[in-house]
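As written, the chains take the letters A, B, C and D, and residue 1 is the first residue of each chain.
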Amino acid sequence: MKLSFASDYNNGVHPALLKLLTETNGSQSESYGFDEWSESARAKIREACQAPDAYISFLTGGTQTNSTLLSAILKPYQGAICPTTGHIAVHEAGAVEITGHKVITLPAHDAKLDAGELERYLSDFFADPESEHCVWPGAVYISFPTEYGTIYSAAEISRIFEICRHYGLKLYIDGARLGYGLAAKGNDVTLPFLAAHCDCFYIGGTKVGALCGEALVFPKGDQPEHFFSMVKQRGALLAKSRLAGVQFDALFTDGLYFQIGAHAIEMAAELKEILSEAGFRFYNFSPTNQQFVIIPDKRVRELLPKVEFSVWGKYDEQSSICRFVTSWATTTEELSRLRGILL
Amino acid sequence: MKLSFASDYNNGVHPALLKLLTETNGSQSESYGFDEWSESARAKIREACQAPDAYISFLTGGTQTNSTLLSAILKPYQGAICPTTGHIAVHEAGAVEITGHKVITLPAHDAKLDAGELERYLSDFFADPESEHCVWPGAVYISFPTEYGTIYSAAEISRIFEICRHYGLKLYIDGARLGYGLAAKGNDVTLPFLAAHCDCFYIGGTKVGALCGEALVFPKGDQPEHFFSMVKQRGALLAKSRLAGVQFDALFTDGLYFQIGAHAIEMAAELKEILSEAGFRFYNFSPTNQQFVIIPDKRVRELLPKVEFSVWGKYDEQSSICRFVTSWATTTEELSRLRGILL
Amino acid sequence: MKLSFASDYNNGVHPALLKLLTETNGSQSESYGFDEWSESARAKIREACQAPDAYISFLTGGTQTNSTLLSAILKPYQGAICPTTGHIAVHEAGAVEITGHKVITLPAHDAKLDAGELERYLSDFFADPESEHCVWPGAVYISFPTEYGTIYSAAEISRIFEICRHYGLKLYIDGARLGYGLAAKGNDVTLPFLAAHCDCFYIGGTKVGALCGEALVFPKGDQPEHFFSMVKQRGALLAKSRLAGVQFDALFTDGLYFQIGAHAIEMAAELKEILSEAGFRFYNFSPTNQQFVIIPDKRVRELLPKVEFSVWGKYDEQSSICRFVTSWATTTEELSRLRGILL
Amino acid sequence: MKLSFASDYNNGVHPALLKLLTETNGSQSESYGFDEWSESARAKIREACQAPDAYISFLTGGTQTNSTLLSAILKPYQGAICPTTGHIAVHEAGAVEITGHKVITLPAHDAKLDAGELERYLSDFFADPESEHCVWPGAVYISFPTEYGTIYSAAEISRIFEICRHYGLKLYIDGARLGYGLAAKGNDVTLPFLAAHCDCFYIGGTKVGALCGEALVFPKGDQPEHFFSMVKQRGALLAKSRLAGVQFDALFTDGLYFQIGAHAIEMAAELKEILSEAGFRFYNFSPTNQQFVIIPDKRVRELLPKVEFSVWGKYDEQSSICRFVTSWATTTEELSRLRGILL
């Protein structure tokens, strides 16, 4: 098998999840989210978030979760603000726009929204009478960690949330790789913190050990009316909801979700060393499981037959931005093989 | 565990699928449908359909598949025709309408579209100059088997397809329970027949043994351009596509899909006997795994604590239409328990 | 010029409106609805409706008004109920569906919704837990007068409004030909009554003497937030809003709107006599300006070169339903010519 | 009446149009675009464009025209490219997004798209396999003149059209103020040139002397199938189409459209002189009827009670970008009054 650091979704499912899927397979259950494992998983997530009133819905993938949520919370005349690098602005094939809503981009700084710029944008927008001819900002979308592996500090999220509340916007946080952000060195954001500092966020399963599944959390239990019907309408309702329920039940048993995160971050630390020793310049500073380095195109061509990684875009005429990713499944043996190839 | 005939999606996954999921779990793979199991499953489905050029896409659920497909093949000014009982007209929370397309209903006869009525509707529509002010029919949606367990004959499908081609409409067949239709006594429809007599259909996985997954088949390989992007856009693209790939690979290995169908039909035959002996009148004649009987409301209330089934609607002031369903997982032991309760 | 009873929108503009358009043409004005004539027209409409708090928006046409309004008041998971003959269900090319909402049809009785059937539908819908998988009814759409010229009594509207309020639905009334309904013999509905018995309605201009323009009225001033932006978004905002403002100002000066209605109804009474004397059977009883008669197809072919009218559909194999329409512009001279042709 | 240079849509209708509206008012006519004046106007526009096969549709406003056209020509997976200053990206309240399509912005240079940047964007996009996860560019939208009064040269449009054809995109040109662009000093674009160098464009009426109305032109007669139904569906079909037909007939009789343009440009030349003499710095160089100057905020506050103009946005902390506009109706007398106020 060729060595791969291409993504955190090219492995199967974490063994603990597979074990529970197997053990529970013989039982019959309710469907559409009312199965016992979904209920159990919800209880555990509520506890982990210290959000006893949270409403939690399990969807299958990230793009689906983002467009279902945003179309449910935005009014017809509203759009969602995000940094130019936001997943919804770039890599979701227009999944928000097909629901009739504009994605309004503000500059990205290390793939993050700047609170000051956000404040200025909103302050100007709401002050200008001409805004009635424009798309009204109704929500802010940010990712934790971001699409480039960076993380917001608790203070940054807190400030953005404050601005959102001041202007009547909802704050929604995409946690596709949340586990890897929470485990990052220097991170001061926790699940309870998130639950208290946004209107809605999702805990990514697909990229953090599950086969599929994202847990969308409304910490205050203030989900839009008939959100269930909207999930169904967007084709995001699992008939056999046990598939997601069982996996999240396992992920939130005995801290597995956090262990997965910690492991991947440990592996990422080694990965960084190797990439650094190989003489690659880092494109940015990422404390999470995605590492971006600049590699001469000639070297890229030499390496790709030996190890898989993602070519993320041109850096300049002679080199590319390349992404290497660790996950719950990354082993020290794989890192040794990488070291062998690069050094 | 309470006895349940409530649905064909309250059991886990068929053991053969779980086995393959487990065996292949250690391997890394491509994602987004390019994994080796998805490729293998496609090859096997193409062979089973005798459709060597078929384009096959794996989605997670039925509602999602229907709305993704219909929104991809309809022009902005078109809608989809279906019988009044059609799933897209009733039980998908408006999943077609949110894509901007009308569901145009024609009368249902045993939950089926009548070819003659369809022909008359289209003939009138296309002859009337006023139609420019109306929604243009662009596709016909039928289910095989239908939402009430009935099946179309090969001749009926053939005739509907002919009409569709004559008027330039696409024919799309929802096969959420296809396996149970194919195995029905008296059925003369086969996978190769379907592949040759419609523009697109899907082979249901979720209700026929999988945890999730539907295989959408364009038999002639004439899927809409960039269909992949449209699947992504609708939030229907699995990152870890192995989840669907592995399951369909197993379903189409050694005829498992057909065996599952045959088993459920055998169980349904016994179920029918039991329901009949219990003195219930059948709401309609269903040769497949869903059986609809009329039960006095008082009796419904007595039975529900002992056995789960679905109350499908009022039949009259004193009785209800009730649905009992078998599946790959139904056992003769369960039927014996039902017999004990009912007789 | 060939004699025509084909529609109430094939004449130009009522002379009084043209006069005011001409007189005011030299002035500069605000745009987008803030011009002085729009303001004046609003004041006059509020007075005519005895609705001092009414919010009034002028749009250009009926289909536009219906889809803009419905998409603004419906939640994403809701649809609009209307009788099968409703304009939005038949003749608007899917203008509601493109906004993502289903049109839910109930049987039409003389083109009207039956309050009892509506009540039963809603009562069943809201009682059924399965409804979470369906489109939620969010509004009721009826037309006054209907697409077949019939009218609701005040008691009927009152009852429908009561039901709507009981179930939390909005009642919206399409008044494309409102002027002709208000003037109908036997009608007991007035503008103040309408304003008090629905959530929103529009006063049709295009078919009642204007070149274009419909006045959408929220009698209680409870229009959806940022409705202006949604009108703009739907392409329904007139830059030179004076066009609609001036015309509605004239229509609501000195009771012109009601005089136009009365005249057309007087002409329709004569028209009915002529059609009756010609031996045509009436398709239904219409007290307004649209008259529907059944004419043998052979006779239709003979007549059409001499007088224009609309062939509305087949009645049976040998005859058609034909529509004859009067308007503000119909003259006794035209009726004499028709008499000469038919008798 | 307060002096106003606020917009080119705050005057009434050009007298020649009013005259023809009045003269033709007594006649009955076909509706929905089939009236004799619409037909006549189409013939004259075809001739003016030297496009004998052109399909021409009259809609009421610019936002409506843009969203109707773009939603009709884009495939579900496509978006429209425009410069960041494009009207559809900024001032249409999301009218394109509600049709399900993304507006993809590229940098604006003098409010114009740069052909080289467009080429690079498309070349990169179509080369990148990851693009399947993104919105596909399907059309380019540019305005002539632009939202800031600037104009493209014939060579620039030609180059953009070439690039569009190379990559399979449609080129659509928003001509809300086309008359003023065609008359601009230094302009080398003509109607026949436009007709030969884009897939679709519209000739603006509302801002060039009409009460409402835009003529959408498909020069090669290759409009999307059932475009009529899509216009209806978007609420953009005028029942009394004579309103648009008569006005465009007058506009294209004896070169009136071009005279209107020439007059406004002449007035704009004087306006520029006055603004210059008043010591205002020009924000950009505009050869058309919109002039943008930078005025200290204090001065803005002093001037607004005396003369209306638009405050377009902040220039810096102490001054604003202000817009002064001329039109068919601007008189030398008004300019004298302005001179009196400013100097």
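Here, a residue touches a chain if its C-beta (ideal position, glycine included) is under 8 Å from a C-beta of that chain, and two chains touch if they have at least 3 such contacts.
Not measured: the values here are computed from a predicted model.
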Worksheet item: So which one's got more C-beta contacts, A-C or A-B?
Response: A-B
Worksheet, complete the sentence: Max Cα-centre separation from subunit B goes to chain D
Response to the item:
So, in whole Å, the Cα centroid of subunit A is separated from that of subunit B by 33
Discussion item. Between subunit A and subunit D, what distance separates the C-alpha centroids? Give it in angstrom.
Written reply: 42
Discussion item. Nearest whole angstrom, what separates the Cα centre of subunit A from the Cα centre of subunit C?
Written reply: 50
Worksheet, complete the sentence: Touching at least 2 other chains, the residues of subunit C are 76-77, 92-94, 98-100, 132-134, 229-230, 232-233
Worksheet item: Taking the complex as given, what residues does subunit D use to touch subunit B?
Response: 71-72, 75-77, 99-100, 132-134, 136, 225-226, 228-230, 232-233
Worksheet item: Where on subunit C is subunit D touching in the complex?
Response: 1, 4, 7, 9-13, 15, 18, 21-22, 24-31, 60-68, 92-95, 98-99, 206-207, 211-212, 229-230, 232-240, 242-243, 329
Practice prompt. Enumerate the contact residues on subunit B facing subunit C in the complex.
Written response: 76-77, 79, 90-94, 97-103, 124, 130, 132-135, 314
